[in-house]
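The following blocks contain the structures, represented as structure tokens.
Both complexes below contain chain A, partnered by chain B and then by chain C.
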Partner chain A sequence: MDSFELICPAGNPAALRAAVDSGADAVYLGFRDATNARNFPGLNFSRDDLAAGLAYAHARKVEVYVAINTYPQAGNPEPWRRAVDDAARLGADAVILADLGLLDHAARHHPELRLHLSVQASAANAEAIRLYRDAFGVRRVVLPRVLTVPEIARLNAETDVETEVFVFGGLCPMAEGRCSLSSYATGLSPNKQGVCSPASHVRYEPRDGALASRLGDFTINLFAEGEPAGYPTLCKGRFVAGGGAGYLFEEPTSLNAMELLPDLKKAGVRALKIEGRQRSKAYIAAVVGAYRAALDAFAAGRPVPRPDLDAMVEGGAQTTGAYTRAWR
Partner chain B sequence: MTSPAASPHLTLGPVLFNWPAERWRDFYARIADEAAVDTVILGEIVCFKRAPFIADALEESVARLLAAGKEVWLASPILVGGDRERAAMRDLVADAPLTVEANDMGALALLDGRRHAVGPFINLYNEATLAWLAGRGAVSVSLPAELPAASVAALAGAGRELGVEVEVQVFGRAPLAISARCYHARAHGLHKDGCQFVCGNDSNGLAVETLDGQSFLTVNGTQTLSHGYLCLTAELERLAAMGVGRFRLSPHDTDMVRVIDAFRGVLDGQRDGADAAAEIRALVDAPVANGFFHDTVGASYVTGAAV
Partner chain C sequence: MNDPTFTTDGRSMDGQVAEDRLRRIEAGMTRLGLGLAHRLGGNRLGREAEGVLFDRLMRSLAERHPRAFAALAELPEARLLIDPQDAPAALMLRVGPSLSLRLCERNEPAEAAVRSPCARLLDLFEGRIDGDALFFRRELVIEGDTALILALRNTLDGEEIDLFAAAAGMAGPLGRALPPARRAAGRLLGLMDGVHRALPEPLERGLAALERRLSGRLSGRLGGA
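Let's turn to the complex of A and B:
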């Protein structure tokens, strides 16, 4: 039985080295523009950074995947095509794509390039996954966070495409790549600009002793004095619906599926993914190191250590998310 | 290159809300008898748990709409993950004597080689994707609500070259997100599996306000919609000039025949778009919005010279 592959985020060259040194099997990253879904100021890789990162990773037998997973703008396909062409030219081990037209471009012009389907394509059933395989030769699909483990198992039984699932980090409660909440409030969206609830539209305002976190013209949360104020990611806010106020969509919590390793293995999952290209190298080293130790123990049949990752998660709270039915 | 549609085409999208079967049946009876729409799209696309309730009314409504001379399509579910959703999707595609509008890539896969439509829940952002979809038999595409005017224009142009009709939603709350989790149930302290169908209490969805009392979003089971109603009456002329030939109205619990008449009046050149927008404002229980089209905050409404 093959071991899980551990797929780790890098938002800059230092994070890439931290991920490689801490036990990643592959690192994923994006270019410094709107072609990737973590298009944040000061983050991501130039072409030269990628070349250097590839050299560092390959020397240590670690792969590098390039995420080009936003949707190319109509009338302006070049930045996205160039990103795919450059990733192929520089020797990336795979590109992670979501857009049908861009997949078509990659399959036609780079038949040797390994294609992974991004979570942003939200392929949640075997029929969809087989279509991406047959049409473009997609070899692996990153599953949207909408499926339970038994659903993932049935899906794997029906296709020969490898599956990769998120096990740690930020958690979208919505099907990824099918969400325009951010653009409704700010005009900027994950699919178009590669941003969600962007910092450029965030303000914190005092309100009668409380603190309001605002996104555009909307209050996403109110914090009492002394209460730690979280970042106003739209779907992690407190709202009023049906008379009650609360975290309507999702609590400020992070995914941690470490306890599900045996179930995910039985379900036929090939690779486990850690979210967080926006995170520091210290965070990457700690989380990747913890997962490396857990996967090594699991592969050797030893008890899986349960490291304390509370300091690493949003709001200090962890969830197994959609993998367990109760989340719904 | 195909010639543009002779006259602008009005499409009524599927009812997104959990209406009782009688309301559903009465709604489509009135549409069949009185509404100046060309195409009517039917089906429960938000939650498979609701589908059995409208099954009988669906069959009856299809027959009535066809008899009234409407083109009738069936829409596939938005999110297809579980076994029951997959079975429903396969049955729909296998049995449909009518054109199917695919809202998920799984349905698109099953429709390969057959004449079909692509719904607004398939991510279509650019010409290359449109060309790929056309190559698989799509005859019509309905664009995602968040696309700005420049993208709509580019896609309408590409659609004309490819012989694919391009549609834009011009009325109704904008669909913003879909989830495996039911927010209607969650707002009532319930679980999706024991939801008691509380979504049926809100015929236009459940209002979501900010903590300081500002209207913001609308929950419809597993779906999240905008609070504001898309209203592009003032943009219809510009859309038509771009080559957009189909205009989608999303049904709400209001006088939809009057809404449809307002849009038809503008498309026929009989009334002014701004004037029709004023009428629409009076018919809905929330502000109107057109910000997505104007490449700004989706919730906003842009007026005047900018339109």
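Let's turn to the complex of A and C:
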């Protein structure tokens, strides 16, 4: 039985080393600009950082994937093309792309470069995935976080393209790459500028012992004293509707699919992805180490250890999300 | 099942306990240092001495982490208040071309502020703990310019910072005094671990109280200076 590949995030060189040292099979990262979907202040890699990171990872037989997964802006495709060209020149093992034009550029100019389809492309059916394979030679697709395990199994049965799924971390409940909630509130787009709830538009304010989180001109949540807090994203905002305040889209919670390893293996999934390029090296060491131990035990047929990752998760809550759709 | 003998990063619990104790001692030493500097700042000469001390610490950190300090100097000028809530004073970090660190009152105006107990801030600064996780648990308070706080957090997290090594790298009497003080604390902890195992319960409780006093967790001991 082939083992799962463990794909781990890195927002800076120290985080890359933490991921490699903690048992990643591959590390994914982005450049320090709008070409990737975690374009936050102080985060990400210069070209020199990537070269050093590649040397560190390859010396330890770990691969490095470069996420260039936002959509080039009209009339300004150059930063995105240059990112693909530089990733290829420096020896990245794969690039993770979402835009059709950029996939075309990569396929034409770097035929040896392995192409992965980003979750930002929201490819959720076999026909779409086969089209990306046939047109551009895409070898792996990162599935959106809206499919059940049986749906993933059916999709894998209908295509030979490898599938990668998120198993831990922030949970985006929307059609990824097409969500405009944050753009509506801030004027900046997760899909074009790489910033969902940009920090420049986020404020936290104390209110009589409670904590208010604001995005742009909107108060999007009010956490009572002692209540676990969450990210300031509109999809996890608390809204008043029908006379009461509640979470209309999703609660502040994190994905953890460790208990689904046997189901994901049966469904034909090739790689498991941990979310969190914006998180610290301490998070990365803890979560990657926990998943490495779990995958090694699972591959050896031993009981899977279930370390306590509660301290790491948004809102102090974990879920198997759409994989099990417990709410239905 | 959770494995009770190992943490998620594979360290043994004994190692983890010793590490936690050392961190408590370091937090106590930091609170003591802030308290002394706070008292020192009561007159003009003291304020000058305090300025020299913090400038040397910043230079020592910058020599060890040039990448991070270059990034902080490139930020637009802004003040970030760092408030160790259980310490007698707070710190004001100025980012931008004239990067500096000074002691201040915790209600001083700033573009942004981060507030948490001293030990948590040390863990955060030295990359042992995840800032988002602290925030989710409401153990870290963030006020003002979130982008500035995020830029600082992400920049520092890219480094492997040892504040005590940097302080020991300063010229002058404090630089010379810190390594022996830290070694002595380490030796004392090792001795305590050995004695803990051999002691009957009432004496062990007494020793635990002494250890709490050393690490500044008894009211007003080290932190209230």
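Everything below uses one rule, namely that the second predicted complex is superposed on the first by the 311 of 328 C-alpha atoms of A that agree within 3 Å, B and C clash if a C-alpha of one lies under 4 Å from a C-alpha of the other, contacts with A are read in each partner's own complex, and residues count from 1 in each chain.
Heads up, the rule we're going with is that a residue touches a chain if its C-beta (ideal position, glycine included) is under 8 Å from a C-beta of that chain, and two chains touch if they have at least 3 such contacts.
Everything numeric in this text was worked out from a predicted model, so none of it was measured.
> Determine, for the superposed arrangement built on chain A, whether chain B and chain C clash or fit.
Aligned on chain A, chain C fits beside chain B.
> Scan A:G177 for contacts with chain B and chain C and give back first, second, both or neither.
first
> Does chain B (first) or chain C (second) touch A:G226, or do both, or does neither?
In the superposition, A:G226 contacts chain C only.
> Could you look at A:V64 and tell me whether it touches chain B, chain C, both or neither (first, second, both, neither)?
neither
> Between chain B and chain C, whom does A:K281 touch in the aligned arrangement: first, second, both, or neither?
After superposition on chain A, A:K281 lies in contact with chain C alone.
> State whether A:V27 touches chain B only (first), chain C only (second), both chains, or neither.
The answer is neither, since A:V27 touches no partner chain.
> What's your read, chain B or chain C touching more residues of chain A?
B
> When the two structures are overlaid on chain A, which partner does A:R154 contact: first (chain B), second (chain C), both, or neither?
Touch status of A:R154: first partner only.
> With the two structures laid over each other on chain A, which partner does A:K192 touch: chain B (first), chain C (second), both, or neither?
first
> Under the superposition described above, what is the C-alpha centre angle at chain A formed with chain B and chain C, rounded in steps of 10 degrees?
130
> Taking the superposed arrangement, what is the smallest distance in Å from a C-alpha atom of chain B to one of chain C?
Nearest C-alpha atoms of the two chains are 18 Å apart.
> Do any residues of chain A touch both chain B and chain C, and if so, which are they?
None.
> What residues on chain A touch chain C, complex-wise?
It comes out as residues 11-15, 22, 40-43, 198-200, 202-206, 211, 223, 226-231, 252, 278-283, 285-287, 289-290, 303, 305-309, 311-316.
> Provide the residue numbers of chain C that touch chain A in the complex, in ascending order.
1-3, 8-10, 71, 127-133, 135-138, 141-144, 146-155, 157-160
> Which bits of chain B are touching chain A when the two form their complex?
It comes out as residues 78-83, 85-86, 89-90, 104-110, 112, 121, 123, 125-133, 144-147, 150-151, 154-155, 158, 174-183, 186-189, 191-193, 206-214, 216-217, 219, 224, 226, 291-292, 295-299.
> Provide the residue numbers of chain A that touch chain B in the complex, in ascending order.
Within the complex, chain A contacts chain B at residues 71-75, 77, 98-102, 104-105, 121, 123-128, 130-132, 144-147, 151, 154, 173-175, 177-181, 183-187, 189, 191-192, 207, 212, 216-222, 235, 237-242, 244-245, 248-249, 322, 325-328.
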